[in-house]
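I'd like to ask you about the structure that follows.
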Amino acid sequence: MMLRRTIETRGPPAAEVAGMATPAWRVIVFVLGIVVLATIPFVLKNFYIFQITLAVIYAIAILGLNLLTGFNGQFSLGHSAFYAIGAYTAAIMMDGFDISYIWTLPAAAMVCFVFGFLFGLPALRLENIYLALATFALAIAIPQVLKSSLVEHWTGGVQGISIIKPDAPFGLPLNSDQWLYVYTILVAVVMYVGAHNLVKSRTGRALIAIRDHPIAASAMGINVSLYKSLTFGVSALYTGVAGALGALAISFVAPDSFTFQLAVALFVGLVVGGVASISGTLFGGLFVLFVPNIAEHFSKGLAGAVYGVILLLVIYLMPTGAAGLVRLIVSRLVQQGRASGR
Amino acid sequence: MSAPAAVAIEVPRAAARAMTAAPLIDVRDVCVRFGGIVALDCVSFTLPERELLGLIGPNGAGKTTLFNCFSRLYTPVSGDILFEGQSILSRPPHRIADIGIGRTFQNLALFRTMSVLDNVRVGSHPLGRSDFLSNALKLPWTVREEKSLADIAWELIDFLDLGEVAHRRVADLPFGMQKRVELARALAARPKLLLLDEPAGGLNHTEIHGLGELIRRIRDERRVTILLVEHHMSMVMSICDKVVALDFGKKIAEGTPAEVQRNEDVILAYLGTTKK
Amino acid sequence: MELFLHQVLAGLATGGIYACMALAVVMIYQAIDHLNFAQGEMAMFSTFIAWQLIQWGLPYWLAFGATIAISFVAGVAIERVVLKPLHNAPVLSHVVAFIALLAILNSAAGFIWDYTIKSFPTPFGNGPLFEQGLMSKHDGGMIAVTLLMLAFLYLFFRHTRIGLAMRAAAANPESARLAGIRVGWMTALGWGMAAAIGSVAGMLIAPVVFLEPNMMLSILLYGFAGAVVGGLTSPGGAVLGGFLVGIVENLAGTYIPVVGREMKLTIALFIIVAVLCVKPSGLFGRPIVTRV
Amino acid sequence: AEKKYGPGASDTEIKVGNTMPYSGPASAYGLIGKSIEAYYKKINAEGGVNGRKINFISYDDAYSPPKTVEQVRKLVESDEVLLVFQPLGTPSNSAIHKYMNAKKVPQLFVATGATKWGDPKNFPWTMGWQPNYQSEGRIYAEYLMKNRPQGKIGILFQNDDYGKDYVKGMKDGLGDKAKTMIVSEQPYETSDPTVDSQIINLKSSSADVFFNVTTPKFAAQAIKKAHEIGWTPLHLLNNVSNSVGSVLKPAGLDASKDILSTAYLKDPTDSTWDNDPGKKDWLAFMDKYFPEGDKTSSFTVYGYSVAQTLLQVLKQCGDDLTRENVMKQAASLKDLQLAMALPGIKINTSEKDFFPFEQMQMQKFNGERWELFGPIMSGEVGS
Amino acid sequence: MSKLLEARALCAFYGATQVLFGFDLSIEEGGITTLLGANGAGKTTTLRALCGMVRTTGDIRFDGKAIRGRATEDIVRLGIAHVPQGRGTFSRQTVEENLEIGAMTRSGRAAIDADIERVYGYFPRLMERRRQQAGTLSGGEQQMLAVGRAMMLRPRLMLLDEPSFGLAPLIVEELFGILRTLNQTEKVSMLVVEQNAALALDLAEEAYLIETGELVTSGPARQLRDDENIRRAYLGY
């Protein structure tokens, strides 16, 4: 009796939380996704390739934010700062030191991790609202810091830095937009797989436990402060890598590119994609990139208002983000399937 | 005041060294204050390994406060708590589970958005050593570690008969079941000492009886020493080896269940007439 | 020394602006247990309404009163129409709704009244308050009104039952319902009051910074900062925090060489974060203990 | 002649691309885009240019460089416009500078006064329009050297390229004397709620010349505050912020009396021009095609004028509507007198001179309107 | 005697999951009814359903008026106080503020103050802690506060979800005495959910027994108490 139940429930890990997609589903979606991704650079105009590249870059940044806010429960409205640091790291290395773009990503990752970790230390003392404020302050401050005369020598001050878009290596028959797309996708796959592994692991569970009940988490032997600071670092790392990729894609960095509006946009992307959802961040990236364009399409003078209305509608329709909606639909389908199966 | 206290400390320590059966826990003159409120007032007792001690007392007597001292959520203004002969007060809260102290919470402190299985797996956190990097890379040894943590969790889920709800979100479960999840979670790190704060809350008579059996089994089969806070006297009296009664932070009685049950102070402050 | 005094007084004057906004921030925080990022735009929009009324020929005080009333109703309406459908949504979704609201109000104001700055009249007169012109009459009047609003809020929260009901509804809606508190309406009332207080703040601030759709973007940040330094739960603390931020910012800008001038905001924010690290619930906020 | 078409041009239409901050913190400038759009509506209604309609495609970039890059790429690669016209903002234009020149697409008449837009040798596809900030700074310096050689100058400037260019122009113009004459430089950020603190610092630095390098809102604040605290220096106000309707009036006409500034376009609120045919045309245009536009704002005049400049270029192109020819014609504007430019201030460009407007005239505010005085000057930078 | 509260074919749902499967329940005016059942049977859900806190179908009448589908606060304002499972403490407010909140629907300062004193009289512990942040009270103290808060409403009907939860034996005894007094002197009707079936059946006149959302049996409390089979099978004592 006991044994039978055990076998039943133990099941395949993909079905772990009730109402999740079945593995067959997932495999199909995954394969389809790969096929679509692989064909994009050969069928679309460069401009669209560029746009999709940007969307994926934003998605990576949002993924970083999601690790922090969604999974670990630390509210941040300041991730534009880490995006900026990543972007500037890449730009300075390429422009000032002639270092290949390949090395900019690990460097940006390291730099941002350190910055994030250090910022995470005082942030430990702050609770949600206060933390939101502190990070928001960071977002406001970063453009000022970037153009300050202290660092102007490296950052190029208000003029920013122009960099050159990398060409495809090994004589691959790709133009720079196509190559950057491929490169971004490769990086994104690594980042997403890493995030997925992390979230589904012992460490990931610790992060969520801290979000849900920090006192209980520490009673379970989780070093709450350390994990929180490290999460801040990892989150900054993700966003910083996105920033470095963004610098390559735009080929230009300037303080005005990284205002708090970017931080707000990343946050919006996080929520509409789905808090604590990894795949939702892709939707978030697309949203951040395309919805302002759609809004503008309706009305120039009222672009902001249209954007706001779209945002409200999206939140009404999917209060738990795109991922939440998908989860709901799938669980409905599963239930219906079960009902009709009976 | 300090001189006799020092002497008092010296003696049992010498004695403890002499005897091989040193107490697993040794609570020494622990005092806790919140502003003007004295929550614990020089409470001392010891508990040998694999014994089951019941901690009783009226509401607000300081029972949970004592547990919170074990968890290092509160720091006593004076006194000390020794575990296996070593003070735990120098340890931060997250370094308590790894020396083998597990607990449940009176008012439930589950990870509400997580499934039962995940809650229990978080409980076994101290048994693992994977970190951000190794987990993100899914190194082979972390996969093995995951497997062994999952095995521990499943074993406990079966032990506590939670199999049917293993994948449900804990927040959606009825209260009594949530209490059992807490118990499973507390056991997942294979503790030597288990602190149970009103585990029978929300259970009916049969269930309480079953729980009593279970607690005994945990002590016997899993070799766990248990400190039990409970208001259900039937259970305390039937399973505990020893009972300590607190009132207004002071220890008012200590002894076998039968002794304590007969104690006038305990009856007056705590049991009232409905002795069961 | 004279410069120092000048800067402190000027800081007090701008601090008055922040304090005004900080009060509105505290008001909404008590009512919804969160910060409303659209608060600044709401105040801006109200001020435009006042401006429009004055343009149409209403006397100042009439327009002032009418604007407060309109803002109150509008605040209630926003809660009922925009936020009510989100009652069960997670709090981060609410924040996104605030951002949406911000975008809508900002863009609508620009569309209706365009982006050129407009002067907004002051009821206190334009001249200097003291001889040396350290502070204008308007600054003095603004600080006085701020203190009046503070007194009102203090009485409201500490000594009326409805204030308690509002805090209860924000802190624990489910239990509040079980006590018969109409949580939805409490929230709406909170929005209404926050909007009304915001409109007063806007009308007091506009003569100094000029009226235009973006006038509140940065002021709101300073308002947040002030409220947070003082303690989000304490109206008095928030006002004090506002003044403090104004003064610290000016002194940093004046006396810290090079970086001070360029990054006075950054430095001010840094100081705030430092304060929070030492006192996580603000200088005057009541620390909240959680236990298990 | 034989018809030649580049991308975006045909027998019936010419596609002109543009980016503007219609949303976000710099949305005030969106008015320029809307004025241009209205103006081309008028041109199209009147038959277009050489029989072709102008299809003005304007996108919102929210004053964010990455968005500008995206939108401009969309214009070039997806909409395939003939040229990109009047993208606004120094950072935005910097972001697309290399791209436009690599793609060989005209980046014409950019809406910023930085000097780097007039560099035909390195960037032959980019051209400015308005007098550049440095030149203007030099004009003030020249004025001071002549009239206040012992003056102690206090500067309030926006802490970005815009403000810094002005300050550079001023310093260059003062030459060796810059060090002694400038007694205080006070930067401000666009995120500062007020500039009160800076004004107090300037006053206490005992400056008797105030060089006010600000955007409209802060200009008004500065004028008002200086007046309030009884600081009455010789006040030089940069051109960007000298609109009577949208700066001086809000700041207080009284407080604005005796301010000096420069001009190259007519102030729309200045009654001097009431009988001027150029202004009458402009008013007629506003009433008919842009009735909701703000007639007191200098942005509408700006948009109107820059749109006319492009119109002239396109007219000159005739039937050769290639990108090369657009640049060629843009670089061969000779003595173009725009309707709303001050009399005598003309646009001139050449292969080597990518600064269309280079002249300005100084003016003084008399409490009601600006009074022009002195000769037409040019700051002579970069050309 | 008339029925104060009547529920017919009561069903309740959490999202798409149905938890109560259509049973009838009624409470006599001035009487005490108890609702018993094992863990997860749906007792809490029943109380929540009566207060409009979960989605329901069926018919619920209070004092003859249909109340199903009404907002919780409106139902409470009819005079129904609910001591929720988990206590629902306003943890950031002080003990006294918690009691004030309980009386939020009433007016009359003097009467409210008198009632606060009365609650302090019942639970002297709360008096000692009146200025303390309620979230820092011990579990049992919070339970007392929850009961006290419900009393502050001066209700006609009290719904008590495991009122003895976490209380020391002596206090449990006192609490049930208080409930009995309230019922007798002030004619407050009560629906009591209890795990301690013996105690509940002693207190109550009527009893309902449910299992997985369905009614097993109902009748006079004495009858249930004396029914050996039921006691064994469901009440376990």
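We just call them A, B, C, D and E in the order they show up, numbering each chain from 1.
Basically, a residue touches a chain if its C-beta (ideal position, glycine included) is under 8 Å from a C-beta of that chain, and two chains touch if they have at least 3 such contacts.
Just so it is clear, the model here is predicted, and its values are computed rather than measured.
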Worksheet item: Where each step is a move between two chains that touch, what is the least number of such steps from chain C to chain D?
Response: 1
Practice prompt. Output the touching-based chain groups remaining when chain A is disregarded and all other chains stay put.
Written response: one piece
Item to complete: Report the chain whose mean Cα position is at the greatest distance from that of chain C.
Response: B
Response to the item:
The pair out of A-C and C-E sharing more C-beta contacts is A-C
Practice prompt. Express in whole angstrom the distance between the two chain centres, defined as the mean CA positions of chain A and chain E.
Written response: 47
Item to complete: Between chain C and chain E, tell me the centre distance in angstrom, where each centre is the average of that chain's C-alpha atoms.
Response: 42
Practice prompt. Measure off the straight-line distance from the CA centroid of chain A to the CA centroid of chain D, and report it in whole Å.
Written response: 39
Worksheet item: Taking each chain's centre as the mean position of its Cα atoms, how many Å separate chain B from chain E?
Response: 31
Item to complete: Send over the residues of chain A in touch with two or more other chains.
Response: 140, 144, 147, 215-216, 301, 303-304, 307
Worksheet item: Which residues belonging to chain B are in contact with no fewer than two other chains?
Response: 64, 73, 105-107, 109
Practice prompt. List, in ascending order, every residue of chain D touching at least 2 other chains.
Written response: 23, 25, 27, 30, 159, 189, 191
Worksheet, complete the sentence: Within the complex, chain D is touched by chain A residues 45-48, 50-51, 54, 140, 144, 147, 157-160, 162, 246, 250-252, 254-257, 259, 261-262, 289, 292-293, 296, 300-301, 303-304, 307
Worksheet, complete the sentence: The chain D residues in contact with chain A across the complex are 22-25, 27, 30, 33-34, 58-60, 62-67, 69-70, 73-74, 76-78, 89-91, 94-95, 97-99, 159-161, 164, 189, 191
Worksheet item: In the complex of these two chains, what residues of chain B are touching chain E?
Response: 34, 37, 57-61, 63-65, 106-107, 172-177, 198, 201-207, 209, 231, 233, 269-276
Worksheet entry | chain B to chain C touching residues, read off their complex | 64, 68, 73, 105-107, 109
Discussion item. Which residues of chain B touch chain A once you look at their complex with the stated criterion?
Written reply: 71, 73, 92-98, 103, 105, 109-115, 117-118, 121-123, 125-126, 128, 130-132, 135-138, 142, 145-146, 149, 154, 158, 163-164, 166-169, 185, 189
